[in-house]
Each structure stands twice: as structure tokens, then as C-alpha cells.
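Here the structure is laid out as C-alpha cells; the discussion comes afterwards.
Which chain is which? They are A, B, C, D and E, in the order written, and residues in each are numbered from 1.
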């Protein structure tokens, strides 16, 4: 698209965007930097300091990270799958149907947005204990699979979709669920991918509830491994903490790079005029 | 058996500010099984809304929708087995042309081979074979419209609704599609409700034309009847391209006086007997009933305001008096200078008379037997 | 001064699968200042793309875009001062009709009173006064199109691009808009590039018509020249509604033989001298040049396949031989039974001759002076 | 919430019979769609909230009463954290939303190195909050932190950012803006994808500048996303407390303490579930009121399609 | 009190092994999980019929949260390592058992543990926990910087005046940005308690779960001194972060710091310079509070398990293992016997800094422990921050603080 902006203003914007980007990236860059330096160099920002991978070795040996990866991947996939299914169904109801109790129901969903599950861990622990799920991966995920955040987000997305496409599919004999699956979901792909990334990031990094509800290595996620290096009585060792952080987030960075194209695919209204 | 009927259907929309606006005031439309019914009417008169009510996309505020004689008001659109070409296409932007076309077939679980075959056939009919892999955003306007058309063609529905399905196609393609559609409709026995603004489509394709106006049915008849026997001045003025000229006329001793300095027309017997209180009426003359003449006794005379050469014919807009114009449609290319003074002959039989206030056709005029009709080579 | 020119413009799109697809193959289009230029051509031939390149919404892969003689390839759209009616309207869904219309005026900080006045005037021209407060989603198709039109009308741009701006309007409104637009264009001295599929619009509005085909300019000429002197069979077949009949012909001793059992035509002098190797050529006959006759020596004869009564005229499709049809356009309502055997007279002067392989107009044929043209009341 | 009453009223009168049956069908279907989500919501949100609020009426000794609420009204720390939270929301929400939109517009356009910049903006979302807090703790370290090093370099006096009540809160706000802007950017970016490019073309032709187009077309059309982000941003301003555990623990002297952190402390550090329940109810009420206001004012103005 | 009667059964009894769960935090950096697992395995073998699942439960706070949450669901741990200061919180919530109920004769504890550590487990005339990972506050100093500043690296300051002058001297010499850092966040109350002890305040550990020393003149004097240090510039102004103080010390930004002995291993492995550890300086007398965590046996209502848990915790705290844990973690070995083991003796020789904490125990008081302990600690921390950041003078803030604490503790007053 050609726009009214002059090349100069364009350039200025590019510079601005990049500067902001570097600023935003700085903490991660710092983490990367600290993770490959000795402890005494890490906080001195001495650019000539020698590199080392000892931190990674130390951290990797400090916890069964391989198992934690597996658990975390199972966990976030499970949560995401649940959230997408439950969220899509619920959002569809809110976005496209007019039904008795709609606003009450929506308000009840929003309550979850306002309460972080962290303060409900006591009650939720009891529930899990009653379900005999303590110390299992499903127990970590269950409280999160109905996400008000996701329902609200998808409701907004579905509501902005051209009703014409829904109508066209209805005429062609598509059932209500069929339309959800064949029209709404594919059209919401940018949002779904964005949501997926955010959800995965969130649960990948969630700590307190997984810590409380699990006891064994077989069920625990990565962040428990990371936690050993975070703010302890003896102070923070930024190099180990950074190395642990890098180990934890590296897959997320890769996932982001892989998926980012998916939410920049514009073809929204081309079929309608 | 797949006849469709709207009975006394009223449709009201909420309107910002105005509270509500009623766009259909109790219309009755019927399309018999296997019939091709065209809805015609000015922009905004409720054509699309009527189709959408038949399809079940909009619910009638009151009145009944019947398909095969059964009231279907409560049946959801997905269960009505109707195909539709939307005025705004409504193509799925995330699917290719092929996928768009087979969408309904996939929904109905038609086996893959079969649906591909059907889709290819339909694509060929509309000339899109080369574009099957494209997304709608990569198509031209006409190609999008044809995709929408093909999508309706592959469905097995016996009732097909089409909302200006050819409006963005060129004349040649449109001619071709017209023939194609009509043949398909006949061979499959489809019941078609078809909205168009194209007079030619209306006249050539329809078994039956429903002329709508302001949310009412103004007249429903066969195309020829509509042309020759318009129920009122409004319908008369709407049919034909360019439409019928409507001129104010006055009966006096000498005859029927029209605007301008022409000689006027002889009083038609039917009208004379009709007893018009003040002697005023509206006279309808089709452009093609007018011809240039040198006869000083010609009923109409005026100065040429505009001459438009269409190739096969020429349209002459003639100012009769201030604010009074007639359009004459003359065969071939006719060059007349703007501002020239011309006289126009009127084919008497082709004139229609209407009440000057209500616009109703004057009853007596019906006496003349099918007056526009003739046989043979007139030219 | 606001002439617009495309010079040797090539446009290539990336195409899924195929790598790239070239939709414009180096076209030259020129619209002089104050000219009304119509782009005509089959669906998908590149008309909208050409307009978008002029507007700056699409950049030319190669070639130049000139406005007022200055190359503007690099000038962003916003600085080109061009108004456009988009084929798919591109209305702002969140703004009312009024807000849509005044959008550009607000951009330009036109004082509120002035822009309201302008908008109301434009809305009145297109008959939308009653809908100013509505959102696009609450409008009918035609009303949306008119909103898009009004939006272009209020702009002060001297160059206006219109992409099938009347395609969804009824005949009456379309006629009215045609006159309106033309007047506006003349009085403001606008340079208009206008895409249409409507022959009448093309013929009546254009100072100049550019016929496009497959991303090339097939012919550019005044409307009448185009009609009377088509450069090749393709253009001939595209102009006119229904278009010119193209029939295979053979020269033999007796004369020019056409398909079917008709008597054929006398050999036109021009063609005879042209020296056709195998004696084969393509003969173009406009539907309105055909008339029913009883003369046994009529050049064409066949059985009626379809008769379409349009009211003012009747279209007769006649099978001459298997696979060979002609369409005749007869004035008035003509009732002929399907399957009847008819003979058709041909107005000799109106016949055009084309090379049977290349489709080129045979040079000699140009000798005949403006043959379709006549004066007076032919009927 | 408020609209509920309308709905109930609307459901019972003024609707033609046939529309009522269609509505009944919709109702059944919609609730079937909602059922799985509600099962989980009720089990893991509503039930625990109710039981913790019930616990708030239990007093030491086993009686029921409102002592915890009385105590809340008289608790200066409670009022302090509420006020803190309001400032925190005011300081973070508008800025992070504005930045998010700016970022989204930037990385949606034809920027050079778009993919990289996009990743840069998104990193705060990827990084675990505890790690982020540790890193920012370092950034803010008086003297050795990069911020102070920069200040020293340009000759400005350094500060004890987190140790000084007047700078601790703004310092945390900056970090939160950093954290949230990139997060919201993703949703704006997805929202931008649903806008028809033709609209930008149309307004460009009319001579609209990018800013004008943004203001008059893009932003209004992004309203559904904005409503979402706004509600989430406000609740997040009340909800995100992970950083406090590592950075300030709410100090110095409650200068950075937030309501939820106080609730958490009360429940799990002070072992006072009753009072925590009362505070929880206060949180839900505050956010609920804010949400009702947001919806009441905005939902009506949001143009969905 | 739901504790059931008599813990008569010996050694877990019953048939088959008893399955126990133990929660433990890791409060000092590094991979200590393996060490814990090793200790646990040793005791499993030794006791024979118990099997213990040792669950890492995050920080002390996380562990407390987890223990509390799980116990409420009847799914709690059998034993856990928790802060000694959480004692009253645990008893007030009926989560733990007094060891007297499990063992009629607890005299062995007096032999095995330093009395200063043992005191942290005593309340209401009963013993509730066994010392496990214990610490005190010590003074770390950078010998190299001392030398550079022309000070005697073997003569760290032993009084407040000396501290102030040494710090100022270090700073003036330009060898470090700050002379001393005493962290005031997170464990600020602990630091303050140390200063109060040094100013001669008694019963800072609290009496029967009540805290009464905050309004004392000595406490206010301590606070004033602390404020002086920050204001004189030998220490950063405002509050000083607990978590980043060790880093400042390791970076040479500060020449001295007060910090937990739990940090010893960390400093030892990461300091690129010679450092010394000394007892905290005295105002009127030397002194420091103890800190760290003890092993608690939880009230699970199952006699066999409770008994087994007790046996197990006893095993874990045996001198050999206490010595090993001390060397691996940096915590102070909990009793004389542990110090006398061969390995520990060698270690102390190699690394004499480790013995300072032990020696300091003689003048140590227990860490402040009260009902509503965290709330009280929070209140103290807030008051410290208020003074340090200049929002009130020590006198009025601490008088107010004592009133506030009295109010918090009023329900527990007998």
C-alpha cells in the first residue's frame, strides 16, 4: 500500500520502531548475555568479558530439564487444546446467539478474568484432591482450560466477522456447529494463533499452582526447575538465573518465529463487498 | 414439487433514530414449481429482503413463507435446501475458488470425486476453469461474481435464489450466462427467484415477473403482459429501457393535447367514454413508438436536448416544454444536432393512458387488443 | 489540465502455484483533460487493475503513469488527487452514509457547513437523502453503490475513476445517473476513467472508448467509430448487445457463401480484390442488420431456436447449420414459434469482413463510407 | 450485570411468538455450547470464590459475621493498596495500550525487518515473569544497574529506584508497560488482520494521512479489540503481582503494594483466609464495577462489523 | 487441639513400610535437590521401613503455602522444613505436633543441638521442631579492599563506631562505592533485631509468641544508627535490596555486608577476592539473631506416620548428616557433635570463615517469633522502610509500630 507518508517520515518511523524494538528486547538480550558470562562479568556489562557455557551446564544438571520439557509440552498442549475447544464453543454462543441469560452468563465468565487462580489454590487443591488428581499434569491444566480471556477474545473476534459468510454457509446447509468449524474458526485464524502463542507462553511460565499441586518430577513443569535460581535467601545469581531462563524460553522463541506469519495473513473481506 | 410462496409478508427493521422502518408491507409472491420468477423494482424496494426471507436468513415480521405448500417460517435456513447467489457474493475469503464452489457439497458429504467433477463442470460453465486455485482476493469483480454463481449451480437445491447474479459481467458473458442459466433451470426443473435490474434478463428469462415498489408488489405478470399492459404509470415507467415516457395530457374539444407545440393526439374512444372530470390524464408513450417526421401535424414537437448514439439505435431526448421531455429511440445511428427543432410521430396503438392523480391505467384502454404486438419484418 | 496517461504499463501479480501472472501486457491508455474515457472489456481483462494503477493503489511492474504530463509512479496515492468509485464500494462500515460521503472533505478540512451542503447535494443527486443516517450494513446493494458514487462526487478531484459505478442500479436510476454524471463531468471539466459493462453507458457517455482484452488494448476509438469500424472480429463481437454475429464464409464463383442453406451474399468489391488464399473469411453481421423476409433468395436461412421478446424488440436466435447460429434483433414484439423455418435478409452495407484466422478487419472493407449511419426516421 | 435485567425483560414480552420459539432453540443450543466451559468455570472459579467469600464471614471462634469487612474498612493498608492499584492502573493501562497499537501498526506495515521487530515486541510475553522481575531488579539496582550506568554516563545523578517510595511505583509501572505493551500488541495485530485493505485504499485516495486514517477508520474498526484489551489491561493492572514477590514485596513501606498481593499475603503468608476472602470480594466488586462501566460505556459504541 | 493421644508406638510399627512425604525449600542458590535426596536415601536405609518422598517446594514462602494448602485438603506433608519463625503460625493453625507427644524423652536434643538453635523450636513449654538448616547474620568483608584502603584485613570492625569509621575510610579511599550494606528488604526485621540485640535489648525473640521490644530505647537507637549509616552515605540511601546485596559485595561495590551465613557457599565460590567473615559488631554488646529452618512433624492424624516422621526427622538431623548438609549448603551445622565430626573438622580448618557463625551462637538470641509472625514481620519491615526513606523519625514510627503490633497480637494475649 502506498500512503501519504513521505520517505523521510517512513524512515523515521522505521528508526522509531527499531529503537523501541531494541529497548523491548533489552531484557532478553541481557539474559542471553548474562547466561554466557561468569558471574563477576554479568553485572558489570563488560563487553570484553570471556564467554562460558558453564552456567548452562550447571543449570541443566541442577534439575531434570528433559523431563520437565516433556511435562511442560504436554501441559501447554493440553491446556491450549482445552482452551481452544471450550473457548471457541462458548465464544460462538456469546457472539452469535441471542439467548436467555446471555448477559448473566457473560458476567459469570468475566469473573474469572478478574480473579487470578493463584488466590484460589487452596480451594482448587481440595477439589483436585477429591478428584484424586493431585500430582498429575491434568491437575495443573484443568483450572485453566475454561479461560475467560480466551472466551472474551474469541467473542470479540467472532462478532467482528462478516455475517454474510455465516449466512452463505447456512444456506448451503451447514449446521451451526458446522459453520463454527468451517467459517468462524478458519477466519479467526490470526486471532487463534495469537491467542495460542499467548496461552502457551503463559502456561509455559506459570509457577505457583504447578508447584503446589505437584510433588514429583513426573508431573512438574519447567518453571519449577527455573525457580531454584530465582530470588533466594542468598540473593540472585543472575548468570544462573539467566541461563535457566534461556533454557526455559528458547522453545517459545522458536515457536514464535515459526508461527508469527500465521497472524499476518490478511484476506478478511475480500469475499464480500 | 418445489414451489415457493410469500404470503402477506411484512418486514420491519429497527432503524437508528426512526425507531423502525418497514421495508416490506405485506407482499405476496409465488413461484410455482419449475418456474423462473424475476423480481424487478427500483433500488431499495425490498427485493433482496424478500429473497432473504425466503432463504430464512431474515425472519418475516409477520406473514408466512411456504415451500412446497408447507409453512417454513420456523425452519432454519440450513434445512430449507435452497441455493442462493448473494448480491455481495459472500465468498469465503480463506478458501480457493474450487473450495468455495464445493463448500456446500462438502457439507453434504458428497464424495470427493463427484464434487470435484461437479465443481469443474460449474466452473467451466462460468468460465473460471483457469482460476480454481485462486483466492477471492486474487480475482476480478466479475470473476468473484461468477464464483458465487458457480457455487449456487453445483448445489442440488431445487429452489435457487439469485440476487443480481450477472450484474458485473460483460455483455457477451451475460448473454451466454443467461442462456446457460435458463437451460439449466429448465432441464433441472429448478424454481428460481431472480432479482435483476437488467430489462433484458427480466424479459428473456422470466416465466413471470414481479414488479416491486416501496415494499409492495406493484404488478405480477408474464413479461410480455407487463410490457404491453402495465397496471399503472409506475410500472410502465419502470419497464423498458429507456422507460416509457409519461406526459401530462389534457382533453379538449380538438383532441388530446400534450405538452409543447405539437398537434396533439386524437382522443381515443376508450378514454373519451371514461369521463374525466377535469379532462386531465397521463399519457404513456414508449420511446420506440416515437419516430422523426416532417409532418407538420405531428402530435409532438420540440428541440433536441441530447442525442445518444448507441450503435444499433439512437436515443433522442427532446424538450417539449420547460420541464417536459420525451425520449425517442430511433433505430440505427441518427445524427441530429443538439438544439434542432424536430417533430415526432407517435404510433397511436402503442399509447397508454393513465389516471393523472392515481397513476392507474385507464380501464378503457384495455379495449385495444395487444396493440404493441405485430408479426413480420417491420423495418 | 488534468490528463491521465498509462504508458506501456505492465502489471504482474504473484500467483500461487504459477509463480506469477501478468495481467497487463504493456498497455497505453490516455484520457485527455476533461475527457470521459470508458474502459470496456471482458471480465478479468484488467480494467480494474488499470484504474488501480492510475490511482496509485497498485504499482506498475513496468511502464509509466502520467498525470498532467508528469510521471507519478512514485507519487503516493494520497497525493495524486484522484477520486474513485471502487467496484466493491469500499464503504467505511462504522460510518453513516453522510459520514462516508464527507470523509474526504473532512480530511481536507472543508468547513462543516460547506461539506454538509455538498454532501446533501450529492446525496440528492443519487437519491439517498432519506438514508444519510444509516450505516452501510443497513442499506440495499444499490444504496451502497450510490453512497460510493456520492462519495466520489463530492470530492474536488479533477480526475475521477469509476469502476462499474452503476452496475447495481435499476434501469431508470441508471439512466438518470448517466445523464447526471455526464453533465457534472462536463460542467466541472472532470477527466473520467470509467469502467462499465453496459453498452449503453459506454456508447452514450464516452468521448473515447478503450476496449481491452486479456491485458492488452484491443482498440481505442470514439464510440461510434468503434461500433462502425471495429478493428477486429474480437472487438466487433464485444460491442453491441447482443454482439455482432460472426459467421464463417467462403468465397466461391457464385459469391460469398455463409453457413446453412441461405443464398449467400454478393461478393463485396473490396473483399474480392483482397486476394484470400483459400477463399475463407469471417463475416460479421450485427443483429439489427438482420430482418425476417419471405424472399427465397435471402442470404441466410435456418430454424428458430429461441425467440426472446424484450418488449421494444425481439431477439431471434436462428440455427443456420449445426453449431452455427445468428441472432437477429427485430423491432417490436415478434412471435415466431420455436423450430419455425425463417429466412433472413441482411442489410448489405452493414456487413463487416474479417480475416478468418487472425480476426483482422479486411482492409478493403474500410472503403465503404460509414455504412451504418443514416439520417431520419428509418422505421 | 446491568444489562441482565434488560435481557430478562426482553425475553418475556414484546417479542412475536415465532421469534420466541427460535429464541428458545437458540437458548438451548447456546447453553449447550457454554456447558463445558461453565462446568470448568464453576468448579474452579465460581465455587472457590464463593467458598472463600463465605470463609470471610467466619470469624475466629466459628461465629459468622462481618468483622472481616469492618476490619477491611478500617485497615489503612487496604485503602493504601487500593489507591496504589488505581494509580498503577492509570499509569500503565493507557500507555501500554497506546504503545501496543503503535507497535501493531508498525509491524503490520511494510517495515524493514518486520519479523525481528515483532519478535522483539513480543519477548516480554515469552519471558517468565519471575525471570523478568529478576532482570529488572538488576536494571534498577542503584549504581550497577544499566539505568544508573546510563545516567552516570550522561552525568545525571543516580537513584535508588526501588528503594525510594517516590520512584518505586513509577519504576514498576515502566516495567509493567514494557511487559504488557508487547502482549497487547499481538491482539491488535490480529485485529488489524480483520480490517479490509480496501478501506485504507479508499481513505488514502481521499488524501487522508496515515494518522487521519488511523484515527477515523482503523481505530474505530479496532474497537472490539480495544474493548477486549482495555478490560484485560485494567484487570491485569489489578492482577499481575508476580514481580512484587521478587522486586519489592510491596515495599518500601507499602509504596508498591497492590491489592492482589495484599490478598495473597493475607491468605498465604499471614494465614488469614477469612480476611483474604473479604479482600477477594472487594477485588471482584471493584473489577466488576469497572467492567460494567467499561461495557456499559463502550460496548454500545463498538462497531463489530 | 486435634493431636491424638500418646505417641507410644515405636519405630513406625505396623506392617510394611510407611510412606511419608517431606516438603523442603531451597533457600540458597544451587542444585541442592540431589543432596537432599542423598540424605533422605541414607535415612531410608537406616530406618528400613519408611519410604520418603522428598518434595522440593520452592522458596520458604512457597513451601509454607504448599504445606498449608495441602494440609487443608488432608493431603499435607508428614514433615517439612519451614522457617523457625513460622512456629506460632503452624501451631495456631493446628498443623503440627509437639515432639513431646512422639517421644517421652527429648533430652537427647539438648545434647545434640546448640541451645540457641533449639530455642527456636520451643513454645508453650514444648519442643515443636528440630533444627535443620540454620543460620545467623554475619559480617562479610572484602580483604583486598581493606588492604587497598590501608586497613588491616585481619581486623574487621567490632563495634558500631569502628564500623562507621571503617566504612567511611573505605569509601574515602575510593576503593568501593559503599563502605557497608545492610539489606533492609525482605529480612530487614532480622537485621534490625541484630542491631537491637547489639544495643542490649532483651527478649527480642519474643515471649510466648508476643513481641515487645520494638518501642525499646535500644531498638530506636538501633534504627537511628541504621538511618545514620544511610544518610552519611556509607550505605545506599533508601532501602537496600536483600537479593542484590550479595552481588554488590561480590562486585566490590560495597566493601562489607551483613548477610546470612546461608550465603557463605555462594560468596565462597563466586568471590574473586579474599574475603573475611566476622561476628557482627557490638554497640553495647555483641550479638545476632539466629535464623533459618527447622524440621516440623505435621499433624496428619495417623499415629504410625507421625511416629515415623519423627524418627525420620531425628535421623536427618543426626550429627553426620548435619555436618554434610552444612558443608553442601553453607548453613551452620546445628550442634557441637556435628562440628566434631571428622569431615566437619577438616572443613573448618580449610575454611575458617565457617566457624564464625558457630562462635557467634554464644551471643545469639532466637529470631523474633510470634503469633501472626508474618504480619508482624511485615509491619516491622514497613516501619524500617518508612524510617529509611524518610517518611518518619525512628522514635514515632517505632512507638507506633509497637502499638500496631500489640493490636495485632491482642487476641493472643493471655
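Definition applied: contacts are C-beta pairs under 8 Å (C-beta built on N, C-alpha and C of every residue); 3 or more make two chains touch, one makes a residue touch a chain.
Chain-to-protein mapping (UniProt): A, D = Binding-protein-dependent transport systems inner membrane component; B, C = ABC transporter related.
Note that the coordinates shown come from a computational prediction; the quantities given were computed from them, not determined experimentally.
Colleague: When every step has to jump to a touching chain, what is the lowest number of steps that links subunit C (ABC transporter related) to subunit D?
Modeller: Contact-graph shortest path, subunit C (ABC transporter related) to subunit D, evaluates to 1.
Colleague: Name the two chains that are joined by the greatest number of C-beta pairs in contact.
Modeller: After counting contacts between each pair of chains, the winner is A-D.
Colleague: So how far apart, in whole Å, are subunit B (ABC transporter related) and subunit D when each is placed at the average of its C-alpha atoms?
Modeller: 56
Colleague: From the C-alpha centre of subunit C (ABC transporter related) to that of subunit E, how far is it in Å?
Modeller: The answer is 92 Å.
Colleague: Need the CA-centroid distance for the pair subunit B (ABC transporter related) / subunit C (ABC transporter related), whole Å please.
Modeller: Roughly 21 Å, centre to centre.
Colleague: In whole angstrom, what separates the CA-based centres of subunit A and subunit D?
Modeller: Subunit A and subunit D have C-alpha centres separated by 15 Å.
Colleague: So which stretches of subunit E touch two or more other chains?
Modeller: Only 65, 68-69, 243-244, 247, 251 qualify.
Colleague: Can you list every residue of subunit D that touches 2 or more other chains, as numbers and ranges?
Modeller: 134, 137-138, 141, 144, 196, 198, 201, 204, 207-209, 245-246, 305
Colleague: By residue number and range, which residues of subunit C (ABC transporter related) touch two or more other chains?
Modeller: In subunit C (ABC transporter related), 56-57, 76-79, 87-88, 135 touch at least two other chains.
Colleague: Along subunit D, where are the residues that touch subunit E in the complex?
Modeller: Subunit D reaches subunit E through residues 60, 134, 137-138, 141-144, 160, 162-165, 245-246, 248-249, 251-255, 265, 268-272.
Colleague: Tell me, which parts of subunit C (ABC transporter related) touch subunit D in their complex?
Modeller: Contacts found on subunit C (ABC transporter related): 55-57, 76-84, 86, 88, 90-94, 103-104, 106-108, 135, 137, 151, 155.
Colleague: Going by the contact rule set out above, which residues of subunit D touch subunit C (ABC transporter related) in the complex?
Modeller: Listed in rising order, the residues of subunit D that touch subunit C (ABC transporter related) are 196, 198-199, 201-209, 212, 216-217, 220-221, 223, 303, 305.
Colleague: Please output the residues of subunit A touching subunit E within their complex, sorted ascending.
Modeller: On the subunit A side, the touching residues are 39-40, 43-44, 58, 61-63, 121-122, 125-126, 128-130, 134, 207-208, 211-212, 215-216, 224, 227-229, 231-238, 240.
Colleague: Could you please specify the touching residues of subunit C (ABC transporter related) with respect to subunit B (ABC transporter related) in the complex?
Modeller: For subunit C (ABC transporter related) paired with subunit B (ABC transporter related), touching residues are 13, 15-17, 40-44, 47-49, 87-88, 127, 133-135, 138-143, 146, 163-164, 167-175, 179, 197-200, 203-204, 223-224, 227-228, 237-243, 286-288, 291-293, 306, 308-313, 315, 329-336, 345, 372-379.
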